[in-house]
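Both complexes shown next keep chain A, but they swap its partner, so chain B is in the first and chain C is in the second.
This part shows the complex of A and B:
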């Protein structure tokens, strides 16, 4: 029974992990707490749902969802991030939250506020090991999220673009002086972050077979918690944080009840922030963030 | 006054109180994303006192506000060791934990919610809101407001100038918590029902939007922000289902055009200078 819970927890962890990595890209490099990410997560699930309902084949629906998220991310960059350079550090928060509210309400107008059931794409196929049940969809999603994160980590440490991104994270001015083209790098970062968030939304929709315009809020905020628990700005920190938050959540539900989830998950976040603000494997901040 | 108008105005009052609860810590450079938690403390404490102890409303509201203030001080001291985004996330987590604790507290109804017997009429709420506004405006004319600004602008220099940065920060955080608790306590008695689910993330985040939208530079920013956020969706009611989408669109465009918020000090300076014909 406990192992089954851990397996379920790992699934949830994989989703939190992707969202946390999406947040960490924006905050670690650009110092921008991008609150539109929960909205992009929701777009991943809802647009795919809309496409499937129109009768599109699934690759088209999924591609459309990811494409929509990428386009929206470009708009967020243009209208929420770029005009705010040089103003109070908190202000981009307002417009990125504005995007969250806008996206949620656009979907609300189109699909209504109820939870919709997402069609099961892989007929109920389960692997059984002894008493343990693992869904194929679960397994594929977990593998996909781990692959994405491993690839991203490779990309950041080995490629030229990755080196540029790391330079910007270290010092924006130096990066500019070194000839990094911020005008194209920043939009690409936003798109990358959006693709991660919307694939997380897609995986969520496929696995839990439900979507709603507000599906991004709970998961998105847990993703922020995961990012901080692990260590802000660190990819592997986001992975570790996602794992911890997902497992804590599932184990809390199975031992004391669903109403205690927020106490344990956010209690963990609060404890980490007080005892070790840089997160479990993060570097202590060398400069003020946000 | 029609029932509808009264309803909107009462909502506006609670939004104004919440905006000022966020404004004070923000004037000291702290982004408090957990204001809903402090509202919950005030609401539940006051409701418990009027319901179970038979207190009348005002002492109960005062104690609710005070308990929120004390908890803000006790929790604020370790939490304020963090800065910037870390502080914002710590307050965010704090708000979530507090709301979840009340969700599981069976003495005050747990997940089923908690009916409140005593009633505070709209007139009482209007007066209380005016009181909160007066308090913050008076506070903004004292040296304390100067300390807040200096701590926000540069805490190292403030420290060198002999300002106790930690105590100013803790004070701003605690006063913000007290105002939030005050608003929460009145909320419970105005609607006669509280439930933990009401004190959610969005209740914490929206007051922050009011303040940033109105502008943090002057004491009038939160008021204007709260008014815009409460009244604009009502005025957009004509386009029923699109109104929040239009409203969100406005916010994005507006912040792109005026990132410092609606009401800024330079705006005031422009008004003052105009009679002389001088430049700002």
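This part shows the complex of A and C:
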């Protein structure tokens, strides 16, 4: 029974992990806490839902959802991030929060505020190992999430663009003097982060078969918590944080009860902030940033 | 023939005028040094030539092309490359990744690998630690890495901003030897230095900035003998 809970927890972990990586990409490289990410998560689920309801085949609906998230991310970069350069670092945080509210309310106008049920795409197939039940959708989703993160980590450590991104993360000034073209790199980062968040939203919709205009909030804030628990700016930190938060949540439900979910998840965050403020595998702030 | 010509360049930071009408020219294969006190605008000049600091007015011709309106990455692709003040090595990257970063605008991977091997032969200290983080290098070694990184960008003009600053005498000599050697192989150099004596000794031409203006310019021997310069920058240290 415990193993079953852990398997279920891993599914949730995979989603938190993707959201946490989306956040960590923006904060680690651009020092920007992008609060439109929960909105992009929701767009992933809601636009796919809207597409399916219109009768589109699922690859088109899913592609449309990811495309919509990418376009919105470009708008966030253009209107919430770029004009705020040179002001306080908190300013784009607030303007991106504005985008979250805007996106939620646009979806609210179109689809109403209720939970909608997302159609089951895969026949209800389960793998059974002894008493353990693993859904096919669950398995595919977890595999996809892990692949995405592994690919991203490879991309950052091995490619030319990855080296440029890591240079920007360390020092924008150095990147500028080396001729890194921020005008194209920053929008690409926003799109990358949006694709992670909206994929997470899609996987959430497929696995839990429900969507709503506000589905991004709970998951988004858990994603931020996961990022902080693991260590801001570190991809593997976000993975570890997502894993822990997801497991803590599911184990809390099975042992103490669903009412204690937020207490234990955010309690873990508080504990980490007290004991190890830089996160489990984060590094203390570098001298340059201080 | 003039290779790089900067004409009447003005740069303002807010209300402060950092450069007010600076002109400078460099012929192919030359070393031109820019001297001046702290705050004279030397670094600003190099940054403006790179395109990293916007200029309010003035123009720049490089290799027969007007580059005034080009962004830094476009100028670097044309061969205007900077070795920044304080070296600015990316310490969270390995030594090899720093070199690759220098080549990030190029696509000829085979040639890049060959040139990186060339750098390792020239600086065995870098080669033996190629996969370690650049933070493990000493200041002098970081300067060699910074110059190697700039070489990987295929410079036609290499600009160096105070390359000897903070280095041990041994590395100061190494840096100047390296500049002379690269120049002998045909590289044009624009050198900003606080070590005026050493800079004038290697330069073909010199310019002195004072408060954002050209105070004097010309032949380094003449300038070295000028009493005003002697007093201001050479002093006792001119050995």
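Going forward, the second predicted complex is superposed on the first by the 286 of 290 C-alpha atoms of A that agree within 3 Å, B and C clash if a C-alpha of one lies under 4 Å from a C-alpha of the other, contacts with A are read in each partner's own complex, and residues count from 1 in each chain.
We take it that contacts are C-beta pairs under 8 Å (C-beta built on N, C-alpha and C of every residue); 3 or more make two chains touch, one makes a residue touch a chain.
Since the model is a prediction, treat every value here as computed from it, not as a measurement.
Engineer: Fit or clash for chain B plus chain C once both are placed on chain A?
Structural biologist: Aligned on chain A, chain C fits beside chain B.
Engineer: Of the two partner chains, chain B (first) and chain C (second), which one does A:169 touch, if any: first, second, both, or neither?
Structural biologist: Second partner only, chain C.
Engineer: Quick check for you: in the superposed arrangement, does A:177 touch first (chain B), second (chain C), both or neither?
Structural biologist: The second partner, chain C, only.
Engineer: Classify the contacts of A:33 with the two partner chains as first (chain B alone), second (chain C alone), both, or neither.
Structural biologist: first
Engineer: Pick one for A:160: touches chain B only (first), chain C only (second), both, or neither.
Structural biologist: second
Engineer: When the shared chain A is used to line up the two structures, what angle, as a multiple of 10 degrees, is there at the CA centre of chain A toward chain B and chain C?
Structural biologist: Result: 90 degrees at the vertex chain A.
Engineer: Counting residues of chain A touched by each partner, does chain B or chain C come out ahead?
Structural biologist: Comparing chain B with chain C, the partner touching more chain A residues is B.
Engineer: Using only CA atoms and the superposition described at the top, report the least gap between chain B and chain C in Å.
Structural biologist: For chain B and chain C in the superposition, the minimum C-alpha gap reads 14 Å.
Engineer: On chain A, what residues does chain B touch that chain C touches as well?
Structural biologist: In chain A, no position sits in both the chain B and chain C interfaces.
Engineer: Spell out the part of chain A that touches chain B in their complex, as residue ranges.
Structural biologist: Answer in residue numbers: 27, 33, 79-80, 83-84, 87-91, 93-95, 97-99, 101-102, 105-106, 108-109, 217, 221, 224-225, 228, 232, 259-263, 266-267, 269-270, 273-274, 277, 285, 288-290.
Engineer: Sort out for me which residues of chain B touch chain A in the complex.
Structural biologist: For chain B paired with chain A, touching residues are 26, 31, 78-79, 81-86, 88-90, 92-94, 96-97, 99-101, 103-104, 110-111, 201-202, 205, 208-209, 212-213, 216, 241-242, 244-245, 247-249, 251-253, 255-257, 259-261.
Engineer: Given the complex with chain A, which residues does chain C contribute to the contact?
Structural biologist: 47, 50, 52, 71-73, 75-77, 82, 84, 88-93, 97, 100-102, 104-105, 149, 153
Engineer: In the complex of these two chains, what residues of chain A are touching chain C?
Structural biologist: Where chain A meets chain C, its residues are 160, 163-164, 166-167, 169-171, 173-174, 176-181, 183.
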